[in-house]
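Below you'll find the structures, each written out as structure tokens.
You will see two complexes here that share subunit A, one where it goes with subunit B and one where it goes with subunit C.
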Partner chain A sequence: MRELRLSAMEVATLLVIAAIVVWAALFGSRLALYDLTIIALYATVVTSLNLLLGLAGQASFAQTTFMAIGGYGLAVMAKTYGVNPWLAIALSLLLSVGLALLIGKPLLRLRGHYLSMGTVALALGTASFANASSFTNGGWGIGGVPALTIGGFSFRNSVAFLVLAWALCAASLLVYRLLGDSHIGRAWRALSTRQDISASLGIDVPRYKLIALVIAAMMASLAGSLYVAYTRFVGPDLYDISQVINLMFMLFVGGLRSTVGPIIGAAFVILVPQAVSGFEHYQNLVFFGLLLLVILLRPAGAFGRVRGQRALESILPSWLLRWR
Partner chain B sequence: MQQAEAVRSGATRLPLLHVENLSVRYGGVVALAPFNLDIAEHSLTLVLGPNGAGKSSLLRALAGAAPIRSGRVLLEGDDITVMPAFRRVKRGIALVPEGRGRLPTLTVHDNLVLGWSSAPHGRRETYDTEMARIFGLFPILQQRLKQDCSTLSGGEMQMLAIARGLLAKPRVLLLDEPSLGLAPLATARVYDVLARLSAEGLAMIIVEQKAVPLPSANLTTVVLHNGHVRFREARRPTGDELARLYLGERHAP
Partner chain C sequence: MGSTVAQGPDEPGLELVDVSKTFGGLTAVSSASLTLRPGTVHGLIGPNGAGKSTLIGIASGFIKPSSGQVRLAGRDISTLDPTRVAQLGLARTFQQATPITGLTVLENVMVGMHLHYRSGIAAVLFRTPSMRREAREREAAARSMLENFELGADADTDAADLPFGKLRFLEIARAVVMQPRLLLLDEPAAGLNAIETERLAAIIRVQAAQGTGILLVDHDVPFVFSLCDHVTVMNFGSVIASGKPDDVYRDAAVREAYLGDETAEETAA
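Moving on, here comes the complex of A and B:
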């Protein structure tokens, strides 16, 4: 499989990322530890999106819904009802799988723009529910979520959590790669372009789409839980529509269908606004300017090998193309 | 194995595929008026007709890809009218789609593996055995194995599409305009292979716009026009006949 094979560049990038994480674990400042942990968790969610959109071709905007189930599930169960946090994470995971199975069949019957609209509606509904419900403590959110512990050992320690977050990220990347190269991945890639032909190749299209949705929901749910376990706080802002857009930015900056792309994309979207925070009121303007520049210069993302770049190339002046 | 199957169906006297009053409609438009067809083992059926005659609708309805408005389809006596497309493949109906069914992001190897995994376990042999047979028919695919199938030429992609269909180990292979958009040389190569498969006893329904170089043994030709059967005989129509059938008496040479 050519598209999924790690290029030398990707292998080198993975090694550099691993080195940075090890360095941060040993000598990093608190801010470096925090940023790297958040990057790992977002990269996991973006990987789930990469699996859904990149491999299976399903443009779903509802990954924040499963993050929210993971996050609120942990907070509500562990804080409000005193459930063991690990058990709460596992139960939230089951809840996410349950929801994916429940909504998957009708939702995945939609194609193209209709699927996007349906899932955007789900994402909007999730944020509104979190904002309005007393169950989620509305706009206040839930603070003081119990920390994760194993025996006497607490993950309140930032280095331990860094390792935990990157373990989840590595596991999700591994799942992405292994499934992508397996029969399931082949079926996903087939149905992502032609559902009719996939069916004529004996592929049960609705079933394989549902598998993609469930696996992606599991990744997003676990990352959502760990995010809340790390920051010890959950609120509706974490899951509003701007987060959905951020996830898409991360995916496309990193490169659709690239294995390491989600990490690069997450790092870009998380770190660049910090780097340009000196611009104060113009911070967003500078960030989106840079984002636009990245998209113009690398339409397929940092590691993307997406064909059909011509649409973008055609709007660029030729002097800009010569720079690449 | 094919001999054993022939004996079995001979004993029960069932046609391999029985199509009864099959009609297809898209919205209010009749694509195919009630249509009857019996396909015997080892037979070759050529369905001809101009654009919009209902040929593709017929094939897609048989493969489960088009909505069947009325009628029924029996495969070896079993009603498969409402069976979803992906299950029909396992039952023995494989479709080589019009336009060759390119699947970008999949390599030639991926395509072949998908074809092989779509075959029923009882009928298929090991991957290597089946591949050896495919590469015997289409040597070029072996050289292209690791390429993304979007880099193949039209003729190569058509061969890959046929190979995918064959790997499903079908009882009936449906081919939707295999010569469409191919260079004459590529068309000749594709039809060489199809003639060989027919001689080996594979039952096929081939849809084309124009008459194609196929042996006339076991051949039935059906000509469709606006969803209706205009011609059905156990031979190839002559060029004059086809012109008359497509254009009407007045315009015939």
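Moving on, here comes the complex of A and C:
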């Protein structure tokens, strides 16, 4: 409700983003189209995280696992077994839902740092599996993934793919808002801070956590599939632990529980390293310096709605924040 | 919820039968029995550490009894979790006022209505007319409940920012909108001033008149005795007296264990 209402600033930001996408579709360079497509797909994954961690308070570091199922699922089925790519994406989606249902109950019983550790283990396991298995072609990855087509029309066209990616992103944001601004979202926000009280009010806490995980898994899986459909390549690097951390950066820079935050966060983490590439060896230093600056100036993120430091406290150890 | 169970004046309500709870070597509750009938106010008093809150915890599914049985409308609920117990029509408040922070005062009350929402995920995603109507109606009901509890002006405040007295009322409002058949209040008057206590008494009377069975745990003996149809006294985990307020008040064991101190004599006089 209050936290989910779009501020004037957010509406303005959404309009500006829409204008940039339209401009890029009409006049954009290849790089602009590429960047904007990747931003849309990452913003989708970050939105899934915003639902799971932002609304429901479940600090999951395993969204890369579902991206990997979406990505590898498409590549293996479409390239190795010749399945229609759209069907492969749908089957990967089912796989992701299946895994979420399977691991959800035991995993989501863990709380706080234990949940973080459990999901980090899952993310690490995913990357190791992708790196070691012959099924995923190990460290080589799988190239030449078939392009998406509808009838005679091919999504090799980068403008068409830009539209597809932003359609997925917009759909995820819509799902996030519609669920968030309902009794379901309210139950998530309630159990994110007080599980005991939520239970005493009749909220089935494990079930609601599981619903959040499944929906988040679906978003991440679809975005993971489209990413691979776009670059036509999948490899273990896409899902390693640095990607997990990048997703968290994106979420926190944009702001927990903010609707447009994931787009801003994804844009920051994807574009700033490019912008500071002139610093060469110091590129990372400059990027993380800027990142630190953003976090210090706006602890709740660019559009964060979680008051004060709660956003940071929910994820960083307290000793790290004390010096502020 | 739970409308399949018999309701009416003869409904057994909540029954705790020979309930015990030990934590390690410590006996918190020792074969205590208590019956809370719908439409009545039942006081539960006793010194600190007598086991009153443990008993509420056992009745609401938060604490599993070591032995004995908890029955709700005749059904054994001893092993059910708090969610299921709440779904069967039992609401409780906590000794520490417990706002859900990050939610507004209005939202806190609306979370209390969670069980009554009929719209599913699909209805929410497609914003069906019935879903929107339900959301509007529930919000209106929550706002009018806030007015009843004199919290109307605070509807959009973060619950964390509410002063103590109002937090108590918010918590009770959140439990009342669950429309429970049984409501367990753990020291609701603690920290309230005289005016607030009088408002609380009025609320409890109204709820009981509407058929809710209320278990009232409190230290304020005159407050409890003035409201209750039935009083149970606990000491060291055991029930030492139970009956009509006047009879309990005359009970020698009670006077010695609990009412024997000077302040109680004075206030009750």
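In the analysis below, the second predicted complex is superposed on the first by the 308 of 324 C-alpha atoms of A that agree within 3 Å, B and C clash if a C-alpha of one lies under 4 Å from a C-alpha of the other, contacts with A are read in each partner's own complex, and residues count from 1 in each chain.
Assume a residue touches a chain if its C-beta (ideal position, glycine included) is under 8 Å from a C-beta of that chain, and two chains touch if they have at least 3 such contacts.
In this text, all values refer to a predicted model and were calculated from it rather than measured experimentally.
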item	value
Clash or fit, subunit B versus subunit C on superposed subunit A	clash
Contacts of A:V244 with subunit B and subunit C, given as first, second, both or neither	neither
First, second, both or neither for A:D204, with subunit B first and subunit C second	both
Subunit B or subunit C, by number of subunit A residues touched	C
Which of subunit B and subunit C A:R189 touches, first, second, both or neither	both
Subunit B versus subunit C as contact partner of A:V97, first or second or both or neither	neither
Touched partner set for A:V175, first subunit B, second subunit C, both or neither	second
Doubly contacted subunit A residues - partners subunit C and subunit B	1-3, 183, 186-187, 189-190, 192-194, 196-205, 307
Partner subunit A, residues of subunit C touching it in the complex	1, 60, 62, 81-83, 86-87, 91-92, 94, 98, 100-104, 106-107, 110-115, 117, 119, 121, 124-125, 127, 131, 135, 138, 156, 158, 174, 178
Residues of subunit B defined as touching subunit A within the complex	63-65, 84-86, 89-90, 94-95, 97, 101-107, 110, 113-115, 117-119, 146-148, 150, 164, 168
Residues of subunit A that touch subunit B when the two form their complex	1-3, 183, 186-187, 189-190, 192-194, 196-205, 257, 307
Complex contacts: residues of subunit A adjacent to subunit C	1-3, 175, 178-179, 182-184, 186-187, 189-190, 192-194, 196-205, 211, 306-307, 310
